[in-house]
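Structures for review follow.
Next come two complexes, and both contain subunit A; in the first it sits with subunit B, in the second with subunit C.
Take a look at the complex of A and B:
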């Protein structure tokens, strides 16, 4: 039974419509469902599905078309109820139909209350659009990369002149007034403000703060190049000043790789001049400890969150995970490895987590090869082939050129997980599973399937490999943290909530 | 010449062994049918490769691809696909299957000759499935089923082939479920049936049904179906997760498959009990 409905002059964006179609296709008895605007492309798709008639042919790109093929009357009624719920929900969530704007100027004219714009366009257009937004008085979150340093400096100077945030280019994470921009987790509101030059690093700190019982006021992203000598920490400094003035923020946290020395000095001096305590995370830095009374430098993400929460709540014990239980598990797992299995193979979607792992292992004398090596001599000749201990950043350009980022499409990592697992020298396969807005809806499910497959193949060879998963997420994230954790555990993955803990496990297994 | 840089790219994550063999042969395919989550490609000699979203599960003739958003949205019926190196190309999309993990089923050795436990499991499986079967059978289907006890296997195939409506007619789905049970418990009988019935199967069914049925007689089923059946027989577990996913196959395909499995198991039970 087929049903075609046309709703004239009713616009929804393609992402919403895909979700509505998905919800309809999940209704029992629905054979095919397609909801789309009356574009030629959608009409072709409807034709292919056999959901085409005269009214579809006449529909314009401004009309919404709903095509349904169902097996029973009951299924049709249920599908129509779901359709109405989905479409109304969207309108209610948005407080009205979504609008399409032809440009930033139109947004400013028609929606004067909007004060921030997320830009995700091809690099060659990114600076131009960001500049337009700044000139119109909007804060900018620039997701796009491939923007030159000169353009970045120009944009940030313009933003500073106007007292606006210029987050990016290549900014992955921000959380402004409870709204996630880019990849970010749903965290509790609280007294800790973060300025981060590292996307997944910032996410790891946010979720640990949440797990430790505290919360976040604002998360300001800067883009990974902000603390370079050229850019000089322009947006990190501005972000710190904003948090200093924010009455909700009691403790300031910064997250980045170790910057150029003069930039580090600038950031530390600024923080020391502010009357709020601060935790500075320079990932992998040798120089840690208190810099004056209220500024402490740490070099890993878990210590960053721990220290920030301690500054808010002196009673916080700072322990994460049951070390005794983990030690027991590790001993059991070690016994299952044969003498040839001696290497770590880490497959990350998050570059900062990959970096932290390498830094931590390096401290203990591990030689770790990578596509984003800490030293030139540790560069892999081919990112596709591991050697010895290997840490791969699958979010690096080499892997993402023409492909979705692994945080958006974790299935792309599946073949590599299986390949590394089957290498006779592999002892541990370490993976991050990142939850939150912007990420895949079921990253653990996809990863767990790969682990099941790998284990099945390994069992035939009479071997086992230790799988460790770093689950970066909170109970509030849309993916359902507990469900994601269960999927990984069911597949036999040792799940930890902090990358630092994962590295400690790796050290105790391979050390 | 096709400029692949301008066409939408997809990436194979899993590839069924049958699909892999066919792609490696360099067969030219055309698009047979397009659905929301799967696209069926047919080769020159009517070989089938199904390009599917990951969520559709794996099968011997499936190529599961990502990204799932905008899944092969601009592919239309009769588009031509051909292999170039490790990719399947049309003038609209490129599907790179270089790194796809090969899938060769979840089948384990299950033989009714092992011991009485298997009979116990078969009986248990029949009992577990029974409450559902009544829900799946309309009066018309029930009439058809009633003829079964008086028919030989070959006759049953003739009776049910191509019967009913849909992309895969209900009768074909029924026989697919039955065949999988047979191939699992009595592989020799299934192989014999394959050679006897293959010409009729090719003649009476459509391309998709034909591929499904011949695969089933070779013991090759869809991931969810294989899992469900093995859990029933080996572990005596009613695998609700797989069951729910099977029920989502087509409009009534899942029901047909499960009904076929049930009657196949009943037949095995009867034979074992003498």
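Take a look at the complex of A and C:
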């Protein structure tokens, strides 16, 4: 039974609606549920679910669409009750005598101390709001994607003119004055300043710096496209200059994919002109090593953190994890695989981590298929079907249309974990578990449950699979690192704290 | 960077979790109840992005508003419609709101047309009047296109006496009928003998007497009365108690001086005194004469007219000439008099939204808190309605003030760009007519213009000034 409801001119932000969709999906008897504004993207998703009719087609981006497929009348009624509760929750919360603010200018007029704006509205509206913020003298953290390159350049030029940070579009991670913005971990205060064009990459680096006993002064995000030829590293250059002037920052770190050559040149020569030492992480780059004047290029996230900490603490040994113990475990695990179990299946929420894994494996001659392939010939025909060694970025648009990001809702990864585990050719299932602000409250719990379920099924088939978990987090994170680690270990997951270590493990198991 | 030495204080729009995470870290944050601008319509947002910071528009709006602000509306006399209103002839009936045909008129407007034709002696019975109205011999035209305004049905027929309001600064005039009082009245579509007889008395006794007194006074400054009435609890659309009282104080000595027969003098004073809304028909042409001065400034996005004919709501914009931008008239939300139900109500009707357009009426509800007893809601609501209107207006009034806001000027000068970008529609405070002719007022409440008016106006602005 299908039911479609349109509520005209009733706006909710996408994250709220994803949560509503999720709550509806959990109602017994609900087969499919999608609640979204009438954007083209959402209409497509509704079409795919078969929840489409003329009124859906006519709905505007400002109309709320509720699409439900249920097995019983009772389920429908219950779903509608849940829907009402979920939708009215927001309205009640803002009740009482607390003043309601609707626009940036309105706040600025009343509170001149406001200094930064976080924007995560749909991309088509985002640039306009960011511009308003900049014109009002506010720094911007722009999480939204689907902002055009032209708009990005316009915004960044405006920001530079005003001496403001324009972090984004598509910026996931920043850490300003000890406060995590978006998806970021709680780290110790310290002398290392980071400018990052890669969200999870930056998280991995800041987490390892914390683990290696040092700390972070500021983390400035730039958005993934900043180092493209068009944008030309506008915000990374500005961020570097800001860190150069910042007395708290002793070492500057940059994290990104390898940029266009002329942009790389620009960044490197800027860093060389600055008196502070710098570690440049160009993920997967071939050209590593010292560039002169205290600037070093590295190509993986762990080396980035190691190098940075060494620069501030000459006593730091630079080793991570007890290699001997791990080698012993690996040997033990290898013995449990049968000859058909040959392949890696990596299921990532963090796109940069997925990238790093592919880069590292490629260097050793592994052929790795992916939905975000390093080479076109390694593209999976369908992101839903793995083949050979496969690395999947579950945070990619294909998976996140109308759904929360797996870092927010790891439950969406559970069916895939089970599916890959049961593939007779799978030897290793690799997963990231990312902690910190912005992320799910208990990602390890959700992931561990999936592993329990998979293992139970595998046991019936008389097989074992090696589960490796990359736990990206710190002791300061709100999720409680130790508890998260324990949950994974209890489920029989081999836990490492660095993606680079995980890749090394994979190589030693499959190599 | 200065930011690194400041305490972080954030504004969050979009994902609420980001705000909660900041709070959990002890960082102060304002989470906005954000909505997509222009109801999420890409085409409109693109235009807004282009013209929102256009200095030429700012300049045009400043010129337009300056003309409004330095206007000086003075009641100078009373005349007969056919003699004083431009473009008025024996076969013309003026009505409220945007242009409309007989076929599309709602009950109260039809009733007023019938009553006016009987009053003019063009028909003896309602049936005859209806036949004549349908015949095509009668030209229907909006009051607004003749420098006039009329409350509710707003019908002005050739023989009716009208107030003449002169804008001393700019030399333009505005006209409005005299208010008939409450109950069975033409403006609510009533056309019984009682109604027609009252209109004749107004023509023969009230108007000539008042005319003498007004002329003896040398003219009555309406702007001052409006400013004072706002301090006395009126918003001069739905509440005119103070304005009417002040008018009586102004006119009484001259009425006495006019040497009218005693019985007429008593009747005139009793008539005005018994009608709390008498001053509405003066606050309206005062608003009209000031806004007309601000009309026709090229590029200006200032709204100079908001008016309803009971079927459609129409607005006009200073920079867009005499074009109307219309949408369906809305139902009014408010309180109904005992014995009436929602299905008795007519959609929004009347030129009286000119008061909101001029920065009082619903925009000044915070000055007229007692009005919530009439239109519903709480005193806090009244304050919030006014507060919200600052978001869509260009200026704060220099003369009209809201005492409870520390005598802040009323929100004045609606900008179509602000209405669309903020998704806030002007707040109108109005009476509710019965949907059938002749029954009269059934309640009062709050209403907004339809969104389409502003959307159409912005598209027209783009077409006129930016081309395709």
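As a working rule, the second predicted complex is superposed on the first by the 410 of 511 C-alpha atoms of A that agree within 3 Å, B and C clash if a C-alpha of one lies under 4 Å from a C-alpha of the other, contacts with A are read in each partner's own complex, and residues count from 1 in each chain.
The rule we apply is simple: a contact is a pair of C-beta atoms (placed from the backbone, for glycine too) under 8 Å apart; a residue touches a chain by one contact, two chains touch by 3 or more.
What you see is a predicted model; the values in this text were computed from it and never measured.
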In the superposed model, does subunit B or subunit C contact more residues of subunit A?
C
Looking at the overlay, what does A:402 touch: subunit B (first), subunit C (second), both, or neither?
first
Partner chain(s) touched by A:260 [first = subunit B, second = subunit C, both, neither]:
neither
Would you sort A:21 into first (subunit B), second (subunit C), both or neither based on which partner it touches?
first
I'd like to know which partner A:45 touches here: subunit B for first, subunit C for second, both or neither.
first
First, second, both or neither for A:374, with subunit B first and subunit C second:
neither
Contacts of A:415 with subunit B and subunit C, given as first, second, both or neither:
first
Which partner chains sit in contact with A:71 here, subunit B, subunit C, both or neither? Use first/second/both/neither.
first
In the superposed arrangement, which partner chain does A:274 touch: subunit B (first), subunit C (second), both, or neither?
neither
Would you mind listing the overlap between the subunit B footprint and the subunit C footprint on subunit A?
408
Okay, in this complex, where on subunit B does subunit A touch?
9, 11, 13-14, 33-37, 54, 66-67, 69-70, 73-74, 76-77, 99-101, 247-248, 250-252
Complex contacts: residues of subunit A adjacent to subunit C:
9, 11, 13-16, 37, 60-62, 90, 94, 100-104, 106-107, 111, 113-122, 124-125, 128-129, 133, 138-139, 143-144, 163, 165, 176-182, 186, 218, 242, 245-246, 248, 408, 437-438, 478
Given the complex with subunit B, which residues does subunit A contribute to the contact?
18, 21, 25, 28-29, 31-34, 41, 44-45, 47-49, 69-71, 402-404, 408-409, 411-412, 414-416, 418, 446, 450, 453
What part of subunit C is in contact with subunit A in the complex they form?
1, 3-4, 6-19, 21-22, 24-25, 27, 30-37, 39-42, 45, 48-49, 391, 422
